[in-house]
Every structure is written in structure tokens, then in C-alpha cells.
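What follows is a single structure, written as C-alpha cells, with notes after it.
Labels for the chains are A, B, C and D, by order of writing; each one numbers its residues from 1.
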Amino acid sequence: MPLIDATTRGVHVIAVTPFAGDGALDLDSLDRVTDLYLGAGAEGLTILGMMGEAPKLTQAESRAVAARVIARAGGRPVVVGVSAPGLAAIGELTRAVMDLGAAGVMVAPPAGLRTDESILGYYALVAETAGAGVPLVVQDFPLASGVQISPATFGRIVAGVPQVVMLKHEDWPGLAKITAIRAAEAAGQRRVSILCGNGGLFLPEEMARGADGAMTGFAFPEMMVGVVAAAAAGDMDRAQDLFDAYLPLVRYEQQPGIGLAARKHALWRRGAIASPAQRRPGQVLDAAGAAEVDRLIARQERRLRALGQG
Amino acid sequence: MPLIDATTRGVHVIAVTPFAGDGALDLDSLDRVTDLYLGAGAEGLTILGMMGEAPKLTQAESRAVAARVIARAGGRPVVVGVSAPGLAAIGELTRAVMDLGAAGVMVAPPAGLRTDESILGYYALVAETAGAGVPLVVQDFPLASGVQISPATFGRIVAGVPQVVMLKHEDWPGLAKITAIRAAEAAGQRRVSILCGNGGLFLPEEMARGADGAMTGFAFPEMMVGVVAAAAAGDMDRAQDLFDAYLPLVRYEQQPGIGLAARKHALWRRGAIASPAQRRPGQVLDAAGAAEVDRLIARQERRLRALGQG
Amino acid sequence: MPLIDATTRGVHVIAVTPFAGDGALDLDSLDRVTDLYLGAGAEGLTILGMMGEAPKLTQAESRAVAARVIARAGGRPVVVGVSAPGLAAIGELTRAVMDLGAAGVMVAPPAGLRTDESILGYYALVAETAGAGVPLVVQDFPLASGVQISPATFGRIVAGVPQVVMLKHEDWPGLAKITAIRAAEAAGQRRVSILCGNGGLFLPEEMARGADGAMTGFAFPEMMVGVVAAAAAGDMDRAQDLFDAYLPLVRYEQQPGIGLAARKHALWRRGAIASPAQRRPGQVLDAAGAAEVDRLIARQERRLRALGQG
Amino acid sequence: MPLIDATTRGVHVIAVTPFAGDGALDLDSLDRVTDLYLGAGAEGLTILGMMGEAPKLTQAESRAVAARVIARAGGRPVVVGVSAPGLAAIGELTRAVMDLGAAGVMVAPPAGLRTDESILGYYALVAETAGAGVPLVVQDFPLASGVQISPATFGRIVAGVPQVVMLKHEDWPGLAKITAIRAAEAAGQRRVSILCGNGGLFLPEEMARGADGAMTGFAFPEMMVGVVAAAAAGDMDRAQDLFDAYLPLVRYEQQPGIGLAARKHALWRRGAIASPAQRRPGQVLDAAGAAEVDRLIARQERRLRALGQG
């Protein structure tokens, strides 16, 4: 199976985990949403991230999800989020999913890390725990983790932990961080792949500053595929026009907590998942919220038609 | 001078505080930016909020800013942010600005408050400190303060602290909170004015759910004025069309930290302030960021022309 | 096997989890340290708490530890910490350990809870997840969790979640909370057992205010047994004299992070565990720290002899 | 007036700020408590720290307190806490108190700092703001500030900001940090004075590891004076015996929030302040708490008599 590396590009969708209304895993919907993501042109998938409700799964369920998606992805790379409070659980899940054919694993720093030294030390331990040869993605999401990784500290991680091949860039604001990392690479720092999160909210600017693609879960991944392709072709106006058409919904999905409810509602409207339910505890879209999402989707379709995309 | 009350509506712009490149207060620019805000149709202003770099001012400077803006506002209401680590400073500044003709004061909860009881107790102390008759705005901005005020707790504040006449709504996500408060009011809770923050990022939805207007600092307040007017007239499509034209820049300004640099850059481009400088410590827009803002403004102008607004 | 209930009293030691120097579980040492705890007069044990390095174990290891301690405890009650980021893992481990004969489970609130309503809702979900009949311990440790549970909110939990039979009291400061809860019970609130943590640092005062005992892991549990017995007999001077003799070491063990290293060093000196090692990542006592602990133990022995306890 | 420098030693008491029951400043009590501190053998004082309720004072009150204490101290050094949300207020108060004869100023990092680079940058700005020649104390109190300063980062501050002459060491646990800083100094890092906080809870160990004294506010500063003197004389057993006699009360005062109420109660019992009141909002010692403090003082006196100190 393919592994990610420092040259990985394109759109790698953060997959939702579908549940039935009673909270049971819905593996048929998981197949369908996998098909939707890949059918939209995604290069790969990332599963069991925060937006995949990973902490709500048992380890056995996590393995079942990984097995199902990897099988369905037909050889396209699947990165697995393995963040956990302790290294033992990280190691156990990493071994399981790499055996199943995962392309690499993604780890966010635990909330308590405060000094640069402790962040660096943590990723060294993670690499040792994951085992030689397992590609690592550093998830840099300070809004959720409370951990700030400066470009200089990220450079020390890159220098000290060769298994780190990718940054899931989700700092916010983080545009200057992309510029700083690419400048450091121009001055000799080892290159990594930078794929951007935050629901795609800054994707045109991120691509212009040197990102390699997106790793996030917006319910219409065709937007990200189109923006990344247009940016790769150097047509930033085209990229931005397409982006702008989707932006009202991107913005809505980017709300903490309720954003996942909006995302699942949109995927349910698209027929990809049988229920928009989250496993508890989870936020529920009220009636007004559901109507807001529906309205934004309808307006989006009109605008895409005006762009000649409908 | 006018006081705010529970019926206050419209757009009340959170004003920037202009500085020269050396960090000195620039009161001439303060006049010009006041004119820009009011010329765009704002009903009032709010000064010395977080985006006004209030903690970077001495108390004497704070009073100078308040005096200048109140004089320039020509009778339109000016709310003053008076949040401080201690009640003595809150009381001192409140007395000073109310004497100068402020329309009310705005207070965010201090970061350490954790229980609902302690939040309620805090606002009771603030009201006593401010003194009878001073209208209070509760600034509800958990992303910055770390303090979560549930709708039920806000209801207890409304019941227990009659001076609270307004919610500066900046929870995120907070749409359901507006709906919950309006529902409680329909069931008998005392009505307050709800003005929304977050740079206007959810303004159409907020108006549809019952907000009375905006209290935020987007550099093109004419957007907010237009959206609030269209919503008040019941034309939500018109509101959203206008909003969408500005959304790429709204989104850019909404980045924590660097967003204020983008906002000041835009106001500087508009000729309202002589320098985009923040007083230190402050984030500086890099060259790529300045180009990004300029590009978004140019695209915004094209789109407004297409809407017949240019 | 016995279950805890609202009348549970005495000392329930928070057990360390012994590891070999290479990080492997050391089950023989686990037997010995269990013997030490019970031999000192403890009424019961609590395993897989934070000081038991629970997040560093896999689920299989957690079950192995629970099985071993429950077997060794010879019928004395063993509470198991099952806190986890998601309810599925809590439910899975709860079922496993209750089947093994645990006396109940302990759950700390997740770090993100901010409003009183969300805390109450969380414990209702935990009770439903654990299943009817499983006794619950609320771990109230805001220094670690960031979640503040006021006495009023705890009262709502007691009223709404009948399975909650015990408070592991680890608020700091928390003496007034014990008084408030006992006063509420005098006014009709359902009684719960209150066992106190914080390494025993306030045990005499806690007993005087109405606590039922201790649930904490100080390396010399005979101190806690003696203090609880003296307090139960109404001899507070005797309780305090005994406490004071151990206090210099209690204080040293109560340091965050390094305190566990000191505790394991002391248990290793006592011959209960074969190695003071923590599983990584963990703090290591430097040479000066080891000497400090040794010195405090030697001074403690002298002082106990002077008290006629040596 | 004297300035502190890198050779400053001894006990520098963090002074309480006395208030009347109605919240008014009580300057007569401020004189008496200053006399008590210096009469106990303190080398100097530190005012307007967190335990001095500094954020509850207006700037005018802060200056009044500083003027009064500096006048009363009769030439002994008085450090002033000037931490504030913005540099302008820091600069304003620094200039005022240095003009009044302060010995230096103390600054804690603001809560938001997360990367080592931002901490270093902050202290460089503070030094520039304070002005050349003003000695700076870095207050390292992560429990309150949330900011972790590693020994390496502190070394960079020492190298980059020559005005920093002292560390108020209040990390917890922090014994290894003292050892690390002294080791770095042995390897060439510029020496600073290290005075320890945390209410003296680890003072014997801190002195043994190389601290120069204490900077904290325990209500019986004669304990700290005696411990520092015995440690300086190399008699660590004597230091510890004295310490142990006071430890039950030291521990009690070290509780967050309520600890200040206990401290003021003890100083009121000693006749140094006319009222134990804190300015609101502040925690109030309940009747049981007052009795606990009284009991601990009575036991302390008995034990000191047994040591031949009564």
C-alpha cells in the first residue's frame, strides 16, 4: 500500500464517521461517503481525526473503520489519526492500522505541552513509539490543542525526527507560518508536505504561499479539488472565484462544535450518509440551523451555475 | 448625551485606535475614522474594546480617546469598553467616560471565572461599581475570555442585574444562543438588545434569528449597515448577496491577531488612518498579507459593481 | 464482590502502577504494593487514576492491572478510574472491570466542560453509559481538569444521577466545599461519601469538616489510616500530631509531575516496587531530589520515634 | 535609594495591602505591617504583587502604596510589581515608582504567551519600556500565568535582557529549575539572584539547591529569616526543624484564593492590620477556616517553645 511522503500533494479529505441514530457505526454509509470523497477527485483520505469523532470510538471500532476505508479506497493513501492521551495507545493503534495498509499516522500534541523543548521531545517519543518507517503527520491545531508550535520549533522537529514528512497546517492564523517554513526550506531545512485544514477557509491564500494541498473535511470536496488544481495551474483568479462560491457554507461549517453537525447535515443531504447523527455527546443542529445550511447549499448551486459549474 | 437601552438597534462599529508609526496616539486619524464609520451609516460607536487595543493605553490616553470620539460623534451614542483586571479600574474609567458623555460601558468577564454563580456575582459587582443608571453591555466572547455564559446563566444576569441592557454577542458558535435568548424573552424574560460581533462573519443568520444589529469593526461598515437594513426590511436574499460580496475580506479580518493588522491596513488604504501601525506588541502584516488584503479589496469592488453597488 | 456506596468510609489508597525500567508492567510489584497498602490498614484501593499512569496503558493492560489487584485485594473494594476522552471507551472499560469484580468506577470531567449545565449533562451520560447499578465516583480535581464544580452544581448531580455515591474531593482549596455539601445534606440533599485526595495535604481539616476518609496515594498510607482513626475517635490533636510528622514528605509528594517520581522512589525504598520507573513520558527525580526524599524519610522516622510510633 | 542586583540575598517579603472593611486603603495598617516584616528581619519588601491585590487598585492608589512603603522602609529595598495587560501601563507605573525610590520592578508574563520566542520578545519589550537602568525581576509563576519558562528559555532572557537581575522563582515544581540555572551559571551564564516564592513551602530544599533567599508573603516571616540564615550557615537540620514547626500553617496559607484570607487573618491576629478584609471580589475565610488558622497558630507556638524558640 502507498505511504505518504514529503512530496505528497492534492486533497486528502478528513472523513466523517457515520453513525446510525442510535449511535451504532454505519459502515455502509462509510463506504458511500468514501466514494463521494474519492469521486470528487480527492487524492487520499484521513480518518479518525477530531472531525471523525475518533475519541468516541473504542479501539476495536477504530480498527474496523480503518479496515473498511482502506479497503474501499482502492489503493489511494489513507492517513489515520492516532492521537491519544498516552503513547501505549498511540503505539497500539499505529501498529494495527499500518498492518491494515495505512499510509501514515497523524498525531496532535497533548494539551499540556508548554515549552518548545517538550514539544520536540514529544514528537521524538512518538516516532520511536510508532516504529521506524512509519510516516508521521504533525497536526498543528492550537485552537483545539492549546499548543503553539512556532516555525522555528517545527524546524527543530523536522531536523530531529526524520519520520515527520508532513504538516497538517491548522494554525489560525497561519498564513505567515507557511511562508516561514518554505523560506526555511529554501535556506536548507528538509522539505515537508504542507496540507491545510481549517475547513478550507483560507485555501486560496494557503496555496499561493506554498501549501501542497488540503487536508480537511468540507462537505463539498470538489471545491478543494478545483481550487488546488487552479492554483497548481497558476490561475489564482479562477481558484478564488470557485472558492468564493462555496465560502458562505465553508464559513458555516467552520464553527466549532456545531460545524460538524452542519457538515454531516450537508453530507446527508447529498445522500452520502444515512443519518446526520453524531455519537453522543455531540451538538445537534436546531431547525433553524438545518434551514440555514439548506439555504446556503441552494444559493451555492445557483452561484456555481452562474460560474458555469452547475 | 444619549444612553443605550434595551431597544438599541443598528450598527455600532468597534473603532480602531490609530497610532503613528512610533506608537503615539494619532487623534487626527481618530477623527477621520470616526467620520468614516458614521458616514457609512453607523448608528453608534464602541471604543476601547480589544480591537481598539485598549489594554495598551494608559488611563489618561483612554480618557483622551473617549473625549475625542464622543465630541466627534455629534450626539450619536458611544459605548466604552472598560474591562480591567480589577473593579477599581473599571469604576474609575466608567465614572470618567460617563462624565464625558458615554452612552454606556461594556465589560467582558475576567478569564478565571468558571462557575455560573461566579459569573452572575461578577456582573452584580460590576453594576454596583459602575453606579446606578449606567447602562451595561455584557461582552460574551468565550474564544478570548475562556468564560462560557450559557443562555440560562445570561437569563439569570438579566434577572439579577437590571443595568444590563445589551448583549454583545460574540460567542462562536452562537446562533443557537440568539434563538434561545429570544425564546426566553417570549416566555417572559426581560428583553435586551443583542448586537453581534465576530467581525460580522455570521451577520445574515444572526439578524434572521433575532439580533438587533452589529457591534463589530469590519473595515467596510457599509456592508453591515446594508445587511442590517435589508434584514430589517425582510429581504434576506438581498442581505446575503451584499454580505457574500464582502465575505472573503470579512473572513480574512476575522483571523485572531493578524486580523487587526488586516483591518488597519484596509482602513489605511481607505485613507481613514495615517498609518496601519499597532502599538507594540502587535502583529505585523507581512508583504504577502498586505498584497492579499489589497487583492481581496479589488475583487470586492468588482463584485459590488456587478451587484450594482460599485 | 463488594460495591462502594454512600456510607463508604476509611482510607482507599490510589495505587501506583509499577513498571520495570524498560516500561513493561511489573505485576509482581503490583502484588507487593497492594499488600503494602492493605497491610497499612487501608479499607480499599483505587486503581488506574492519574497517579496510576492510567492514560499510558493500553486497554488490555488496564484490564490486566484491574484483574490482578482485585484478585489480590481479597474482597476489599477496588474502585477503577475509567476517565477517557469518549464515552465508548468509558463504557467498554467499565463493563470489563465490573465483570472482574470492581467496586465502582471513577470519572473526572473532560477538560472542555465550562457551564454547569454541561457538567450535569456529562455525568448523566456517564451513568447511562456505565449501566444501571454501577456505583460512580465523581473526581473533582479542577487543578488537573480545569473544570470547576460548585457545591450547588454537585447538588444537582446528586439529585439527577442516583448512581453517584461518592465524591473524590480534590478541589484545592476545597475545605469550604466539604462544609457546604454537608450543610446541604443536613437540609435534605442525598448523602454521599466524601473521600479526600490531594495526597492527604489537608486531611485533618477535611476530617473535621465531615469527610469520610481519604482516597489518595501518599506512600505511607499508615499516616492516613492513623489520622482517619484518630479523627473518628474525636482526638484531633492526636490526628494532627501524627499528620505533622509526615507533612514534610506529604508536601514533597504533592508537587505536580515530580511528585509521582518522589512517591515511587519512596515505595521503592520501602521495598514495595522493584523499580521507581514511570512509563514514558514521565518526570525523573534527579539525584538531589532522591537525596531530598531519603532525607525526609529519615527525619520522619526520627519524629515518629519521638511520638512513640517508631 | 538602593537598587536590587544579581547579588541580592535574604528575605524580601511580599506585602499584603491592608483594607478597611469597606474596601478603603488602610495606610496606617500598611505602616504597621511594614514594621512587622522588617522587624522580623526581612532584607526588603515586594509590594503590589498578586498577593498584594494589585489589580484591584487604581494607578493612583498603587502610587500611594508605593510611596508609603518606600518611606517607611527606611532605605531597605522595595521592589514593585508592575504587571499589567499592556506595556503603556507598565511603563507609566514603573516610571512613577522608580521616581519614588523603588529598588526595581517585577513583571509576570501575560497569560497568552505560548512559544519560547514570544516570552523572550516580551521581556525585551518590557526592558525597553521600563527604561535603561531599571532592574527587572522575572516572576515565574506558571500556576497563575499559564506560561512555562524552561531553564533554557530563562537563559536566553538572561543573555538578551541585561536588566533582568533576579528570578522570582515560583514554578511548582521548581527545584530542578534552580539546579539547572545554577549549573548553567557554572558553565558561564550570567548570574542572577534567585528568590523563591510559593509561600516558602519548599524553602529548605530551595536554599540547599542554590537559591539566595525568599520572596514570598508567609505571615510569619521570621520563619523564612531563620531558615535562610541557618541554610547560609550550613545548618540544614536546624533550617528544617524551624521550617517544620511552621509548615502546617505554611501549607494552609498556600491554598489558592483562600490562602490570602488565611494570611490576612493571621496578620490581623498578630495585630499588624486592623482588618483581615480583602477588597472585593475576594474570598472570605468561613468560621471553620478562622478556627483552623487559630488552631494552627496555637500549635505552632507550642512547637516553637519545644524547639526553644517560644
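Just so we're on the same page, contacts are C-beta pairs under 8 Å (C-beta built on N, C-alpha and C of every residue); 3 or more make two chains touch, one makes a residue touch a chain.
The structure presented is a predicted model; accordingly, all values stated were derived computationally and were not measured.
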Ranking C-D and B-C by C-beta pairs in contact puts on top C-D
By Cα centroid distance, the chain farthest from subunit B is C
CA centroids of subunit C and subunit D: separation to the nearest Å works out as 33
Between subunit A and subunit C, the Cα-mean centres are separated in Å by 39
Averaging C-alpha coordinates per chain, one finds the centres of subunit B and subunit C separated by a number of Å equal to 47
Note: subunit D residues in touch with at least two other chains are none
Interface with subunit C, subunit B side, in the complex: residues 114-118, 142, 147-150, 152-153
The subunit A residues in contact with subunit B across the complex are 172-173, 175-176, 179, 201-202, 205, 208-209, 240, 243-244, 247-248, 251-252, 255-259, 286, 288-289, 292, 299
The subunit A residues in contact with subunit C across the complex are 53, 55-59, 61, 84-89, 92, 111, 121-122, 125, 279-281
